[in-house]
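Some structures are shown below for you to check.
Below, chain A partners chain B and then partners chain C, in two separate complexes.
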Partner chain A sequence: MTTGIELRNLRKLFDGHGHASWAVDGVDMTIGAGKFVTLLGPSGCGKTTTLRMIAGLEIPTSGQIFRDGQDITDQPVTDRDMRMVFQDFALFPNMTIEDNVAFGLRVKSKRGAYSEAQIKRRVAEFLDLVHLKDHAYKKPHQLSGGQKQRVSLARALVTDPKVVLFDEPLGSLDANLRKIMQLELIRLHRELGKTFIYVTHDQDEAMAMSDAIAVMSQGKVMQFGTPREIYDRPANRYVASFIGHAHIVNATLDSKEADTVTVCLGNGDRVGLRGNVDAAPGSAVGLMLRAEDLAFADAGADTIGGKVIDSLYRGEYVEYVVALNGNSGVVHVHARTDLPPVAHGLAVALKVNPVKAHVVVQ
Partner chain B sequence: MTTIERAVEPARTSIRSARAIERRRLLLWLLPPMAWFTVFMLIPYAMLLYTSLGHVDDMRFIPGLSLDNFVRVFTVDPYLGVIIKSARIGLMTAVLSSVVAYPLAFYLAFHVRTQRLKFLIYLLVIVPWWASYLVKAYAWKTILGSGGILNVGLQELGFVHEPVRLFLYNEFSVVMTLTYIFTPFAVLSIYAQLERVPTSLIEAARNLGADGWMIFRRIILPISVPGIVAGAIITFSLAFGDFVAPVLVGGPDSVMISNVVINLLGVAFDWPLAAAIGLVIITLGLLLISASGWLEEKTQTRF
Partner chain C sequence: MRAFGNRTLVTALAMSVLAFLYAPILVMMVFSFNDSQYTGLPFNGFTLRWYGELFSDNQMLMSIWNSIFVGIGVVAISVLFGLPAAIALDRYEFPGKGLFRRIVMLPIVLPGIITGVALLSFYLTIHLRLSLYTIMLGQGTALMCITITEVFARLQQLGKSQAEAAANLGANDWEIFRQVTLPGIRSALFGAMLIAFSISFDEIAVTFLLTGRENTLPMTLWSLLRREVTPEVNAVATLVVFLSIILIVAGMYSSRGHANEREA
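Our next item is the complex of A and B:
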């Protein structure tokens, strides 16, 4: 028996205007109890549908959902005891903030769980938790977006669910507010110890908050791992290019040893790096190069040659666009702003950080 | 110096004339609605007031400045009584229409998935309006009458042995007919309100464990109140002023206020009294609309 949520070969067929397509196409995942797990991907990748199936708002076409080892695939949404925070907040517009937060408790109290006095006390406690004590008697339309989102959060948390689901909850907030709410969510997750399952298309948000990220594309999970694994050791080209704007240069696997790999670029430059790769020497691979892992150097062994074609002043650093020799590809390089600027058209040599550079096969 | 002044002068006139053009254009835009309002509202109301203050002598209208006709509306039988009865019929129609309309509007808003089916049902609601009002009122005569489908059905099933005469020619049949005819207005007005409820609200409530009844009572019904009020006002007003249903399916005692006005105009030739009744009804109508407007505003949910 596993604790937490387990998805087994979960699929969902959507029938849109005559042609059906798999919105979710065979998702397998185990989400440990108390973890903060993010489903990350572009719109239409199936992340929201997966979340809605976990909540019980969508019925899977096939596959199973387990919770603490128990099959809940057919359990009605009202019995699941997982609370969802919606992108549009979904606050009840006819009720005060207090009544909104109390709604879930009142539903339970119909079965004799709470007295009205207990409800009042608990609601006040949770409004305090999200810093909205003074707004209890307002209506939702009187609050700002960030405040509405916190009401929505309090409403989800007040019934003490084991699992909280988030459907792009910060999507409609401005950048500064998002940062504040991210910290708030991390704090709540740490303090309450509940399982958070979070859907977003914002990779910075996913990286900053999650214990684990599932990168999704076209209804499938491309990689499921910690933020560090996803960023440093992407499993394939898709994940590498989706996360952190990595550039992938076509290369051939030259040789590999116990923990070092040498690849050969189209122009003949060779690069040695740490790590391992699941391919035979001579096969075509992709070399993932991120701007922060490249630096200008003197030409020599283990450097790659190119020509500066553009530069962007970013304040924190200068970003150079370098076309590699022999049309092997284009990479970006970050350089310190206090160094003398490199002229456009100048031939340069780049040194690759052998620990951070990574080879992808697929 | 002079050359500079001359250079500035034309520019200033052009600004002034731009303002003048703006003002003239505004006047031009305002003219049609003002004319419409004067010809179709102001003058008729003034004529109504003028007529109501005079009296009729030997079949001839004598202008005057007397409030006698208004006193007669409130003191002479049966005018006030008929107004009250008309209001009662209007109220029953409004309540019954809302009750009949709500489930349909609810179904249309929340359970019809495809646009095509939605359009079809919408059409079915509106289509009876393509048929003449008289035909529809007449149809109820054949449904409720002694030889009508209702009585025949009840006899065939053995519930009664002879035709029930209670169905037709009384207030019941008038309310039934009016409800049938005016319910579409209630459907459309309630539907318009229900359609504003986002699906995520219902999903959020279900996610919090609420059953269907609780979602309806605590969320959907409160949000739909302004739609119910608006629909009720329309059906009430239409039923209150109706004069066909009482004639066709009403009994000898189910005369409504519009029938009285028609009789005063055509048979009794007492135009001043008819005008006075008209003004009383218009005043009541204005009060009602203000009250309902206030109620709608008060109960309107802001999203």
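Our next item is the complex of A and C:
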């Protein structure tokens, strides 16, 4: 028996005016109890539809959803006891903040579970948890966006669900507020120990908060792993280019040994890296290079030759744009600001951090 | 904001439009208090005699009551059938939905006389005796589309996430309707009820064909006016004007009360 949520070959067909398409196309995933898992991807990748299927707001075309080993695919939304925090907050405008939060405690299916005094106490406790104690008797339209989102959060948490679902909850907030709310969510996850399943298109948000990230594209999971795995060891070109502005240079696999790989670039430069790759020598691969993993060096073995074509002063560092020799592509390099500037047009050699550089096959 | 064109000219234009619209009503109201047998000048002095006569005229009082009775019935029919129809249109996919949405507007586009003739021949075919209830049924089916369109528009504007949130929190269908959907559409529903009532109150084309022995107010006034415009007619019309103003203010108040809440 697995605890947590398990998705098995989950699919959802959307019938949009004549031509049907798979919004979710075979998602398999196991989300451990108490974990913070993020579904990450661009709009239309099926992340929200997957979340809505877990919640029971969308009926899967095929596939199964398990919870603690039990098939809940056909369980109605009302009985699932997973609470959702919506992007547009979805507060009830005619009710006070207190009544909004108490809603899930007062529904008929919970009748008798709490006395009115207990409800009052519990609601006050959770309004305090999201720092909204003084707003209990206001109506939703009197609150700011960030406050509304916190009410929505309190309303979801107050019923003590094991699983909390988030559908881009910070999408409509400004950047500063988003950062504050991210910290709040991490704190709540740590303190409450519930399973959080979170949907976002913002990779920084996903990286900062999650125990694991599922990178999605066109209804499929491209990679499911910890933020570190996704960032350092992307499974394919899609994940590599989606996460953290990586540049992918076309290369050929030269040779591989137990834990080292050598690739050959279009211009004949060879680079040795740590790690392993699932491809035979001679096959075409992509070399993933991130700006922070490259440094200027003296020409020699294990360096890549190129020419500086642009530079941007970023304050923290200087970002150089380098065109690689032999038309192999363009990479960005971060250099310390206290070093003498490199002139445009200058031929340079780049040293690759052999631990951080990574080879992708697909 | 900069004034549009010549200020005096614009004001004069606006005033004359208002005068054109409301002067006749004002004249009628003034004459309802005139101490004279005839509608017209000179103004002989202030009197409430015509109101007194109105309230002792059983035929007139009966027809006012009939109109209110029919109006209430029409509102009940239009809500009873229009509200579920609007919810069905908003929430469910069913075959012929697009056609239904368009066809539902037909009664209000069709001339009343056509609806009236159609209903009359239908009632005669099934041997239904003409009465206030046949009027109610005729107007109610025609005015149902107001509730459907008003409430449907509001439901579309509200979106489905509030109802989804309620379901997600464990509410059953009735709790969702009662605590989330109904408060959201209340002002639209109330507005539609007011419109349906006021259209029903002065409807004459359909009513004319479907009336049995009992007359509604417009029918009574119609038959009185064929002789002359009596001060009593002015008096009853004045009362109707005040009733309308009350309804309009109530409608405005209810929609303003919910304007803030809707955007939350």
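By definition in this document, the second predicted complex is superposed on the first by the 359 of 362 C-alpha atoms of A that agree within 3 Å, B and C clash if a C-alpha of one lies under 4 Å from a C-alpha of the other, contacts with A are read in each partner's own complex, and residues count from 1 in each chain.
Please note the rule applied: a contact is a pair of C-beta atoms (placed from the backbone, for glycine too) under 8 Å apart; a residue touches a chain by one contact, two chains touch by 3 or more.
Computed from a prediction, not measured in an experiment: that's the story for all the values here.
Model built by superposing both complexes on chain A: chain B and chain C clash. Judged by the touch definition given at the top, the superposed model places A:His141 against both chain B and chain C. In the superposition on chain A, contact is made by A:Leu57 with both chain B and chain C. Judged by the touch definition given at the top, the superposed model places A:Phe92 against both chain B and chain C. In the superposition on chain A, A:Arg83 contacts both chain B and chain C. By the touch criterion stated above, A:Ser43 is placed in contact with neither chain B nor chain C.
In the superposition on chain A, A:Asn176 contacts neither chain B nor chain C. With both structures placed on the common chain, the touch criterion links A:Ser109 to chain C but leaves chain B unconnected. Comparing the two complexes, residues 55, 57, 77-79, 81-84, 86, 88, 90-95, 103-104, 107-108, 110, 139, 141, 155, 159 of chain A contact chain B in one case and chain C in the other.
In the complex of the two chains, the chain C residues touching chain A come out as 159, 161-162, 164-172, 175, 179-180, 183-184, 260-264. Contact residues on chain A toward chain C in their complex (touch as defined above): 55-57, 77-84, 86, 88, 90-95, 103-104, 107-110, 139-141, 148, 155, 159. Chain B meets chain A in the complex at residues 198, 200-201, 203-211, 214, 218-219, 222-223, 301-303. The touching residues of chain A, counted against chain B in their complex, run 55, 57, 77-79, 81-84, 86, 88, 90-95, 103-104, 107-108, 110, 139, 141, 155, 159.
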